[in-house]
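Have a look at this one.
Letters A, B, C and D name the chains as they come in the text, with residue numbers starting at 1 for each one.
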Amino acid sequence: MVAQTVRAAVAGASGYAGGELLRLLLGHPGVRIGALTANSNAGQTLGSLQPHLLPLAGRVLEATSAEVLAGHDVVFLALPHGQSAAVAEQLGDEVLVIDVGADFRLKDAADWERFYGSAHAGTWPYGLPELPGARAALEGSKRVAVPGCYPTAVSLALFPAYEAGLAEPEAVVVAASGTSGAGRAAKPHLLGSEVMGSMSPYGVGGGHRHTPEIVQNLSAVAGEPVTVSFTPTLAPMPRGILATCTAKARPGTTAQAVRDAYEKAFADEAFVHLLPEGRWPATASVYGSNAVQIQVTYDEHANRIIAISAVDNLTKGTAGGALQSMNIALGLPEDTGLSTIGVAP
Amino acid sequence: MVAQTVRAAVAGASGYAGGELLRLLLGHPGVRIGALTANSNAGQTLGSLQPHLLPLAGRVLEATSAEVLAGHDVVFLALPHGQSAAVAEQLGDEVLVIDVGADFRLKDAADWERFYGSAHAGTWPYGLPELPGARAALEGSKRVAVPGCYPTAVSLALFPAYEAGLAEPEAVVVAASGTSGAGRAAKPHLLGSEVMGSMSPYGVGGGHRHTPEIVQNLSAVAGEPVTVSFTPTLAPMPRGILATCTAKARPGTTAQAVRDAYEKAFADEAFVHLLPEGRWPATASVYGSNAVQIQVTYDEHANRIIAISAVDNLTKGTAGGALQSMNIALGLPEDTGLSTIGVAP
Amino acid sequence: MVAQTVRAAVAGASGYAGGELLRLLLGHPGVRIGALTANSNAGQTLGSLQPHLLPLAGRVLEATSAEVLAGHDVVFLALPHGQSAAVAEQLGDEVLVIDVGADFRLKDAADWERFYGSAHAGTWPYGLPELPGARAALEGSKRVAVPGCYPTAVSLALFPAYEAGLAEPEAVVVAASGTSGAGRAAKPHLLGSEVMGSMSPYGVGGGHRHTPEIVQNLSAVAGEPVTVSFTPTLAPMPRGILATCTAKARPGTTAQAVRDAYEKAFADEAFVHLLPEGRWPATASVYGSNAVQIQVTYDEHANRIIAISAVDNLTKGTAGGALQSMNIALGLPEDTGLSTIGVAP
Amino acid sequence: MVAQTVRAAVAGASGYAGGELLRLLLGHPGVRIGALTANSNAGQTLGSLQPHLLPLAGRVLEATSAEVLAGHDVVFLALPHGQSAAVAEQLGDEVLVIDVGADFRLKDAADWERFYGSAHAGTWPYGLPELPGARAALEGSKRVAVPGCYPTAVSLALFPAYEAGLAEPEAVVVAASGTSGAGRAAKPHLLGSEVMGSMSPYGVGGGHRHTPEIVQNLSAVAGEPVTVSFTPTLAPMPRGILATCTAKARPGTTAQAVRDAYEKAFADEAFVHLLPEGRWPATASVYGSNAVQIQVTYDEHANRIIAISAVDNLTKGTAGGALQSMNIALGLPEDTGLSTIGVAP
């Protein structure tokens, strides 16, 4: 039972991340939705921009500003990168600010500057509670950096192998994402005519901005630098990430040791479901849910550990992860307002 | 607040209707899920058949029988047509039996025999509460016939025009359905390779079994026989129905009269959303939700009323409609456990 | 055997219609591809814009102008509406100019002005050879107006019923189109994230610009004004139109009379395939081909003729139809460089 | 100009490989289509099974037997594995037999038995002409083993790195395939409702039958055993393979050396298109074509070579590759009847 109600604002309510935050917040028993802001879409009704959010159809978006966002208990920032720091500073330390963007994810300022081309804003507690040590840092925090969608899927799939010392520090990851991961800005290569019936890679060769975030997560768990060859691909579906993650096994690795490591890592996790042996995840199974489905195997012939995860990039990969962290930060039960049930078929 | 908990069984839990029933029942605060049965899939875990229903992953399906289904407060029958009557008879009059199949929808035995080729089992109160008179018949009832998915979409789109006497009794309907409407039995024409990238009609020329059901609903409201030219088409998407419904306008019809009729018809309905003028429904907006989005216009040039509705065939079109009727039958708030929020994009 | 080679230019080569024209022209044994022009994409290679056209990957697009387009035997204009007349005038009467756009399709200047909001440029021979009288007007012509994609699908599906006097002059048409029919300009509602998994209508109530073109075609065949209620819908597929076309049958109509009318209408047509009774068209079957698949039935109960056609909106609906008309205008065998074989599954 | 016409039979004409063979054979100027056979579909018209092949709509499928297949110059076998040897033996040495199935691909009998569970039938010249040495073995041959679709995509993407000695003998491959790669047999997990909107892996951990074939190809080029970690995934599209292939670079590898190796490997290949630097392949670009689009880069940070290829699994990956080999075996120009132009968007 939720004791009290918090008032939440969403900056960037007209995008896909903002829409998913609202979808989930509408179902959260401890939240009342306050200000909704946008940039170019300010002045429009939510009904015209997010027609699936019927209960909010009549709400009019305001222009994003600290004034409008002030006076809430929680503020979600779903803004283009580089804009969150200025807003957060004005909101005050007593407000829980949850940045759905990238600004506060990276610890290494040089990494930030290399991949984002601007000054590093800082580092906030990292909103992936299932990572070793992450949950404790979120408890009571007034600032949360929500992980990227790919880093969520990849880090959860691989960290148990590194935590157990089973994998060499060179990971190879190929991940397929639904198109909503590329955002709502109208770009020719994201047109339905272009993406339906097509698979294509992008940001190949370490160029994707999520690479340093994955490296940061895995290296922290491994206790040594892990290099990651990360290739994202665009798949003809609106949602979902399937991350195929492999690493060479360290000498002495056995299938049982791998299984044990993953069972131990997720034994107490409400949202991570290690599938029974022989079954593999599908993105459809986590559609719209905060669940992560994972399977792992040890390929003796190639001497590699293969871990595959499926998440909904907008839910667990963005808005659901944000709510999960909010719950922890506020001392609410971690799964309040979050579901492990996918919408399938 | 739900005062007490009812125990619900689902017969046919391995199909798409059964899966959607369970997805919704898991979120219903007044229901505890009891027996789950199947035919050829009996003995398997739900996790292997419905991997999106994580909380039930370990449940094993039993063979469908009256014995297994006995002892519940509510029994949902998601069975092939022709099988519900025998089961229902054995369950007793004190059990609320909700037939998701077709067996008890039609009033005219000759219609049933012509379209289904077997003896007519009878007629139960019809689970489309928004139809004139339907809600009252459901209150306290121990038997409910859940409407077909197409009849749900079409009847809601057209009945206000007939209720207000604005339309001639000859409707023309073309509807597109996602593939889950065709069920989970593996048939070659339903393979992903066949349906992706393709639109195709079926049951053309009045041959679809949902035609007499639509005729029955509209004729009852019109107070005279309404003929319906109904063409269903299969669309390359898993869920959703978009029904384009037109009828010639009666002399004297005006755009304002049409608008008024629809606003009046749905003013008090929680699940039917008449869109603001100028906006049209899309199936994505109701994905996974119990909402119906409707828009209507009067085409002066062609002198026709055009009403278009979007529903999720598995939710409002099947399982959500079933729960809505269950709530009414049990005296619960009608929207308990049901949402008007779609999963989009 | 093709006696000589014509030199063809394409204005608007970076769009979907332009790309499809080039795909087909590359396979036409009597054509050599000359100038390729674009507007905002001028200066780019075709390889970066149309990566499927490997043989032309290195070609650089020039800015559209009469100078660049001069000196060809055939010029295809795939330009935004309103721009073709000025270009055509400068090209001279000896050049075969084929307008893939709308400018010269309508005969009624008032219709043009109402639907397009600009001055009417004129009327050219109409490039739908299968329509009564159309082929003769194309032979030797130096100007061709290529029909719209919807009018192609709808006119072919319905004209035999009107030609044979079987249908009342009030047609009701609902058509589903793939997204390429909406063009390549990046608009938010055409993003893959928006269209996948969704069906939605647009231009409802007679507002679509193809309505007067359909009316024009059917009225000419019927010999009296035919009103058309036309509702286009956007389907989650890149290509294809499925047009469901119905009209009330005139007294005395029989199923056999309907069948006879359609068999007679298409007996000598290379590209229109009237399916055997009992089978219905699917857009996948005509993917990338110039074929039209049609089926028709008489629904006695509703007293309506139902004709359904499937075309590829970019091939028979645009570029293939353009080449077919080019062949006729040049005196080449009508099917040169055109195929009736779809790419399926 | 093709001097003479060969008569070709297709066994297995009702499946996806058979349909694609016929689509291409219809466009091959030197081929006349003879007997068409099937197993369970014998007796049906091709029009009802492959409605996209209009020119053959009236052809009736015969039951597969050596008698029916005799008397042709070329016989394509698109049969379930294990059935080709018996048929081939009866056809005689003067008939060109092209096995689209797996029976004669592997050299190592133990590999065959481990992955297919039956006796090894033998090894035929391998129909991937772009592989070092392969083309010469095909010239004049009367037997051809057509490669698997994944081995086609993966071997072409990686062999230049091994040929140039740039890669360590441990490759990691993740490939996404359209659903037609899984065949036309109706299985529940291949239903449109299941695959649309979903990505899922299968045959993980070396279990896919194409793994030993990839290993065989790469090891032959490398001159040493290459291990391959191969993870295939099912993508929500009908056609296409995108293969992301990586291998650790050997000491001293440079980006230029990698580029040079790939340019050299494909300089004279009509069907393999190494994209300009900075552009990456998409499966839509090769839809229905025999082209392979490849890009490669050297990721210095991860010290890995990343090569990505896109093919149409049914065309270059199956039927197009078969025709290409047929052309070589018969002494025809290698690209007769084959196109590098995709059907896009």
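Note that a residue touches a chain if its C-beta (ideal position, glycine included) is under 8 Å from a C-beta of that chain, and two chains touch if they have at least 3 such contacts.
Predicted model only: the values in this text are computed from it and were never measured.
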So which chain is farthest from chain C, going by the mean of the CA atoms in each chain? A
Ranking A-B and A-D by C-beta pairs in contact puts on top A-D
Using Cα averages as centroids, what's the distance between chain B and chain D in whole Å? 45
Taking the mean of the C-alpha atoms as each chain's centre, how many Å separate chain A from chain D? 38
Which residue numbers or ranges of chain B touch two or more of the other chains? 16, 178, 180, 191, 193-194, 196-197, 236-239, 282, 284-285, 287, 345
Interface with chain D, chain A side, in the complex: residues 170, 172, 174, 176, 178, 191, 193-194, 196-202, 204-206, 227-229, 231, 233, 235-240, 242, 244, 246, 248, 280-285, 287, 295, 297-304, 306, 308, 310, 345
Taking the touch rule as given, give the residues of chain A at its contact with chain C in the complex, in rising order. 16, 178-180, 182, 184, 186-188, 190-197, 236-238
Can you list the chain A residues touching chain B in their complex? 16, 19, 23, 26-27, 47-48, 50-55, 57, 180, 196-197, 238-239, 273, 275-276, 279, 282, 284-289, 291, 293, 339-345
